[in-house]
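So, here come the structures, one by one.
In the two complexes that follow, chain A is the common piece, with chain B as its partner first and chain C second.
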Partner chain A sequence: MSPLPDAILEVSGLARLHGPGCGRCVAATGPEAGTNVCTNCGTVVACADIGFELMRGEVLGVIGESGSGKSSLVRLLHGDDTPTRGAVRFRDPAQPDAVVDLLALDARQARRLRNTRFGIVYQNPHLGLNFAVSAGGNIAERLLMSGEKRYARIRSRVAELLSRAEVPASRMDELPGRFSGGMQQRVQIARALATDPALLFLDEMTTGLDVSVQARILDLILELQHQLGVSMIAVTHDLGVIRMLASRTLVMKTGRIVESGLTDQILEDPQHAYTQQLVASAL
Partner chain B sequence: MTHWLLKVEKLEKHFLLHEPARRIPATFRVDLELQPGRLLAITGSSGAGKSSLLKCIWRTYLPTGGRVWLREADGTVTDLAAASEQKMLALRRTEMSHVTQFLRCLPRKSALDVVAQPLVDDGAPPEVARERAAGLLTRLNVPAHLWSVAPATFSGGEQQRINLARGLIRPVRLVLLDEPTSSLDPVSRECVISLLRELKMAGTAMLAIFHEPALVEALADGEVRVPPHPDLALDATATATACVAAAGTSGLVRHVA
Partner chain C sequence: MSTAHRSAGYAFGFLDDRAKKELRRAMLKAVSIPGYQVPYASREMPIARGFGTGGLQLTLALIGPADTLKVIDQGADDSVNAVNLRQFIELTCPGTRTTKRTAAATLIQTRHRIPEHPLRADQILVLQVPYPDPLVVVEPSEERRKTMHGEADYARLWVKLYEDMVHFDEITFSHRYPTRIAGHYVIDPSPIPRWDVPKLHRAECLYLFGAGREKKIYAVPPHTDAEPLTFDDVPFRVEDFTDPATGRRRACSRCGATDSFLDEFVDDLGRKTHQCSDTDHCLARLDARATAVAAAFAA
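So, the complex of A and B:
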């Protein structure tokens, strides 16, 4: 099975179980069972039976309440965690003939791919940034990992990335702790974009920011997506964010995808009972 | 007669709500055929399912039954009711446009940029897109001092014209319009009418929900009357039933021209 020509990522049968596992875990959990803890052996099924495709240049939204498995999914795809089973195939637009099976890579190859071709923006800037290192240093680290060694070149690239993310380049030598929350997210975005990644993961990127800052960050992301054509997976519980960002959306509950569709269809004509409840609960 | 561009056959939509479990009818068995350069007016009482019909064609709603055939510029015929999500997204970019009843856009973006965005997304240089947006806003009688302001603070009529300009800025073959002039003053309404006439002349096919007979008179080549769903008609008021009787329920499509 090879991905569609325009697919950058193809995920099938992906599952992550925390615990001994007993062969009944997946059947005993999920939206119908209303739990993700196996009644038989106590294993926590963070996610299971996950399958979807991400197209080139597309923003795919993932919504669901806390504990639905959306962040677990991002961690698995980004390589922060290892799936129990399943397949993730990545077709780099820069090398369209080579399809990489992400789960078959050794640790070094996986790290290299993550550092050069993927980018991630976490809800918590402490996860994405090293607060003991300057904002510029955080970005430079990624450039160094991708093989750039020339100091002057790194410094000018950092300045360029920061101004693209609308952070004054004059503040590149300051520690992230001296920045506002919105600015820290911008530094994360600049860091994520440092190596011109093909795929960007946004994990609740605007949660906790005030609405005016949130609007500007969304605008920035849309502009970057348009300019750079980077594919994105955006995880959020904010339906307004998903409406603005994503063309298609997956809905997750208790570790499963319960519904997927065009974003406006998911929000205006939700099919699954859970999605209907989610949409009806939005302010 | 020219080939149809859009052909809707027995389109039906109902919603299945899970909690509490209910089946809510929205649109009942609509048939229509639309040719390039023509405008069909969709009429019917409030709640009859006019907007639902447009949303089914745009696929914001998943049709429950029936077919929605679209003939693309290259001659390909696609059933929108069954098209894949990727296909729908591609068609929304290239072939069709949907002007909804209310404006929804990113906050803090100027009216001019909101209108220009679809062209920019298409790959047009921003200055070219802005110039075209300015031209449209002028035609639609939106005062120039508002262009640099975010539309969130605008009046209903101003927002409606921003929405219309954004929906019409890209050249597409099919335009779906949901009450495009409902909150406009007579002058602005005339501007909209002349713009829509021009689009028709250029060959754009349009489906438009109109409430005012004057608009139907001015723009429509035919009328599609959406009758209330029979399930709803059962408990509808006597007035509604009388209206349906007056309109005649036999033929759903009545060509004026």
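So, the complex of A and C:
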């Protein structure tokens, strides 16, 4: 099956199992079973039967409680982890005729694609940034990975990216450890956007920030999304973030997608019992 | 003296045949994959690790009775590391000749310098290497470094160059300058000064690098590209020997050379003095001058 013309990412049958696996793992786990540990062999099913499409310029929310497999999903899509089975097809808007099967790439090709066409913002800046290198150096790394070797060009691009993320360019040569948590996230965003990626992963990007900083970071993301038209997958357990960012949302529980649809619909009229519980407990 | 050693049970070249075979195989692999660090079982040698055991093992596996060997320590033939290694090879390789003249040598083992005079196709230069992996400054895990080398993923090394430019306005590697070989692997060319790095590029001779403690062998074969890492708009520079007082390039205080790598030292009167680091280069120039003077007197 080829992706829809406007789909940038098509995921089907994606699963990641940690453990020996016994053939009954997927059937023995899931929302009905109420667990993601196989009762037969003890395998942990981080996620299974994951299928969805991401359209060009769309922000897709992924919501669920801790351990529901949201972060596992992002790790699989970003190439930090290898799925047990499934397919991920990527259609780069810059090359709409070429559909790339992400799981068929060798390590070098996958890294190249990840470095140039994807971006990721982690919850913990320590995962996304090197704290021994200046803020500008962290962004320069992405530019260098994509093959930019002109120093003056790197400097001007870093300054431009930081000011777009509302970090004063005058502080580009400071270590990220001297920045506030909100500014560290902004540096991560600037780094993620350095190569004009087609797809951005936001993994619990605003968790742990205070509310006013959260709001400003979300504003920034929305603004950039409108300006650049980059597709995003935003993983969070915060319904407010989903409401603000995502047009469409997947609800995950015990490694499965239990409900998907328009964000407003999911928040106003949740169908699945778990989603109802989730929405009720937040409001 | 050599017979005493032979009677004591040492084979020619000290190493046993199996060790030499393994070393030669590793060297062949290193030449076949320019810049790739080939692991090998570094033998215990009768000198301490860190005193050139890697280079010594390569030399002993390469040398034959027809060879003429030169040993260099920081450009000089008569400093302690060179003297010890040369004597050891003289003892354990009976029949081979040693020389101090670069042009007369077929095999040269060196510590931290490449001779000034370009080497020929029939010469091999063996360099002693303390730290073979240029990525060690940015990645502590060897497993991950191997993946990075395999994928030619050197972005973090470039970030180091970027940070240098930000903080010091220049790249601060004074020696061990990371150099890309044949467009893929980046090597640590051993602690040679920047001055010597361009000599690796498309040379006539074979360069072999041996790290005894770290158990790695790598090579820059003849006519192979060797590009020091730098930015497109920040040209690679070698050491600048301009005297800020006169604005002219400093010369060797013995032979007057203005085209060689100079060592700075303080003379008996407390003055800063500069001299050729490559003693053979210096002596050859002095000899040539003496010959010319003698010829002038004779005429």
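We adopt the following convention: the second predicted complex is superposed on the first by the 282 of 283 C-alpha atoms of A that agree within 3 Å, B and C clash if a C-alpha of one lies under 4 Å from a C-alpha of the other, contacts with A are read in each partner's own complex, and residues count from 1 in each chain.
To be clear about the criterion, contacts are C-beta pairs under 8 Å (C-beta built on N, C-alpha and C of every residue); 3 or more make two chains touch, one makes a residue touch a chain.
In this text, all values refer to a predicted model and were calculated from it rather than measured experimentally.
A simple residue count on chain A separates chain B from chain C, and the partner touching more is B. Looking at the shared chain after the overlay, A:192 reaches neither chain B nor chain C.
When both complexes are overlaid on chain A, the residue A:149 reaches chain C alone and has no touch with chain B. When the two complexes are overlaid on their common chain A, residue A:265 makes contact with chain B while staying clear of chain C.
Once the two complexes are overlaid on the shared chain, A:216 sits against chain B while remaining clear of chain C. When the two structures are aligned on the shared chain, A:239 is found in touch with neither chain B nor chain C. The residues of chain A shared by its contacts with chain B and with chain C come to none at all.
If you check the complex, the residues on chain A that touch chain B are 6, 55, 211-212, 215-216, 218-219, 222, 226, 243-244, 247-248, 261-262, 264-265, 268-269, 271-273, 276-277.
Residue ranges on chain A touching chain C, taken from their complex, read 107-108, 111, 115, 130, 133-134, 136-137, 140-141, 144-145, 149-154, 173. Across the complex, chain A is touched by residues 147, 150-153, 155-156, 158-159, 162-163, 165-167, 231-234 of chain C.
On chain B, the positions that touch chain A within their shared complex are 15-19, 55, 59-62, 85-86, 88-89, 104, 106-109, 120-121.
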